[in-house]
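Take a look at the structures listed below.
In what comes next, chain A is part of two complexes: it sits with chain B in the first one and with chain C in the second one.
For the complex of A and B:
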């Protein structure tokens, strides 16, 4: 999922300062799962904004709405019936959702209420960790299902580096060395021969280095 | 501020604090009349939003009263409630409302006297802090 965290309240108050009536919009997808921008978080932030602004003597009307998937134009369209009533839309979705709404409602300020962090998975309740860098050319089949890009601090393809010590990365004792994990997993799978293969330098054009990416499926396009 | 009688909402666990409040009543122990008790099946059921909305609707303070640590009927509902209270306190501090207006306490079902004491002490503390500041802001804006 795409993970996110609510922005600091000080920044949020600053961004909504010019407005008297806002629509706070959540998303039922990733940000609900990582407790950053689902229905509950929308209600919490709405309550915090109302109280904070009341305390400042400048009441703010906050209406709440949560879309099924904010990064999808057909769901963003649901705002069309009400959006004219507001000074601004405050989105608790990831950057994709914010941009979808901003693109649809061009005359209206659309403000992000969360910081989008990374693509990750749940390690346990309340803990999420980065697992995928979206590099556009997956090598997990060669690395025992552990990504050397997302999980190695140096993103190296033929590790480990000299900073690996007792299975931990030199940047922090809390960070596992991805290449130690890869080696352990390859041993477990009986695939250590994969480790001896030198991996060629990665062509980063499939990642962000090739500019903004698009996927076009002509068979799906209407 | 002597005429200020704080409204304190208590989310009281059915298995302990709510019974403790009942015991306090049966013992004829008094605590401030502004203490309003809401029974919940476990403090683990108390969403952070409940606390926020109690304050938003005019409460001056909120107590979340659960079982003693280790005695939760649902194993760890009281520990989860304590973590949530801490998060709400931080959020309240961030929006300029003193997080100390919210607190987590632990009492057992038999501790009627302790419940009355906690309710009185917390109510007095809120009394010293003054009314929920959103009320003044609302008046100023009107």
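For the complex of A and C:
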């Protein structure tokens, strides 16, 4: 999933300062799962904004709405009926959702209320960790199901570097060395020969380095 | 006279771009450099331009400096992060190469190592800020330097989008601005007028057309380029087309003398023609 965290309240108050009536819009997908921008978080932020602005002597009308999926134009369309009533839309979706809404409602300021962090998974309750860098050419089949790009601090192939010690990364004792994990898993799978095969320098065109990416499925196009 | 002092002199400046070789044989590079000695006010050495791997700009610039040329070194923000850019700026000073400027760098996929990873840690604007900070004795991390480098900083107008952006670069310390290649003096005049008193010397690029095909390619593929049909026809109908291309470039340089503070001759591999363009342009 895409993970996110709510922006600091000071920054949020600053960004809504010019407005008197806003629509706070959550998303029922990834940001709900990571407790950053679902219906519950929308309600909490709306209350905090109303109280904060009341205290400042500049009341703010905050209406709440949570879309099924903010990154989908079909669902973003649901805002069309009400959006004209507001000075701004404040989105608690990831950057994809914010941009989908901004693209649809060109004349209206659309402000992000969360910082989109990474593609990751839940390690345990309340802990999410980065797992995929979206490089566009998956190597997990060669690395024991552990991504060296998303999980190695230096994003190196053919690791580890000299900073791996007792299974931990030199940047912090709390960070596992991805290449130690890869080695351990390959041993477990009986695939250590994969480790001894030197991977060629990665072609980064499939990643963000080749420019903004699109997927076009002609079989799906209407 | 140092390039920084020449910028203050009001006379029209002649600059030439010289690409470093793809390899380590410096014979032709140095030979072309020798022919420019005493003929140009500075030589600009691009940094892996067009995302093509070649000899590092710092090394090429150092070679030209040793030949007695005044040199401007470019730094591509595409290929280095802030650590490397600052380190190389210090290196430039130590090597006696104080004229520096950054480019954002062309897209990597247009070059000859299309699978490489782009860096883009700093923009050219942030590069200027970093260089200015170093000159004041502090790095971007706020740490104090042992000894302060001195720079004469420039900026590419294209990197700053337009005249307003270029003026912002001047506010950040750029004392010369390099404008994109000019093929149409009338079209260039408004930009030149807007930047005339901006506090920096505006230097227009003059790209030597090498063929009719190149002119057509530029017209079709490079935004903002409009080489007239008259120019294309003139080159096509000439008995000696390369010589005609040289004349066209020299005439553009002559026209620029009325509009801005200098011309940067770009010959894209035909550096041996630079003296001919200069001969005609300075007549």
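As a working rule, the second predicted complex is superposed on the first by the 222 of 222 C-alpha atoms of A that agree within 3 Å, B and C clash if a C-alpha of one lies under 4 Å from a C-alpha of the other, contacts with A are read in each partner's own complex, and residues count from 1 in each chain.
The rule is short, and it goes like this: contacts are C-beta pairs under 8 Å (C-beta built on N, C-alpha and C of every residue); 3 or more make two chains touch, one makes a residue touch a chain.
Every value quoted in this text rests on a predicted model; they were computed, and no experiment measured them.
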Under the stated touch criterion, name the partner, chain B or chain C, that contacts more residues in chain A.
B
Given the touch rule stated above, what does A:211 touch, chain B (first), chain C (second), both, or neither?
second
Would you sort A:201 into first (chain B), second (chain C), both or neither based on which partner it touches?
second
In chain A, both chain B and chain C touch residues none
Write out the stretch or stretches of chain A touching chain C in their complex.
201-205, 207, 209-211
Sort out for me which residues of chain B touch chain A in the complex.
47-49, 52-53, 55-56, 91, 94-97, 133-134, 136-138, 140-141
Which stretch or stretches of chain A touch chain B in the complex?
8-10, 13, 40, 43-44, 47-59
Tell me, which parts of chain C touch chain A in their complex?
107-109, 114-118
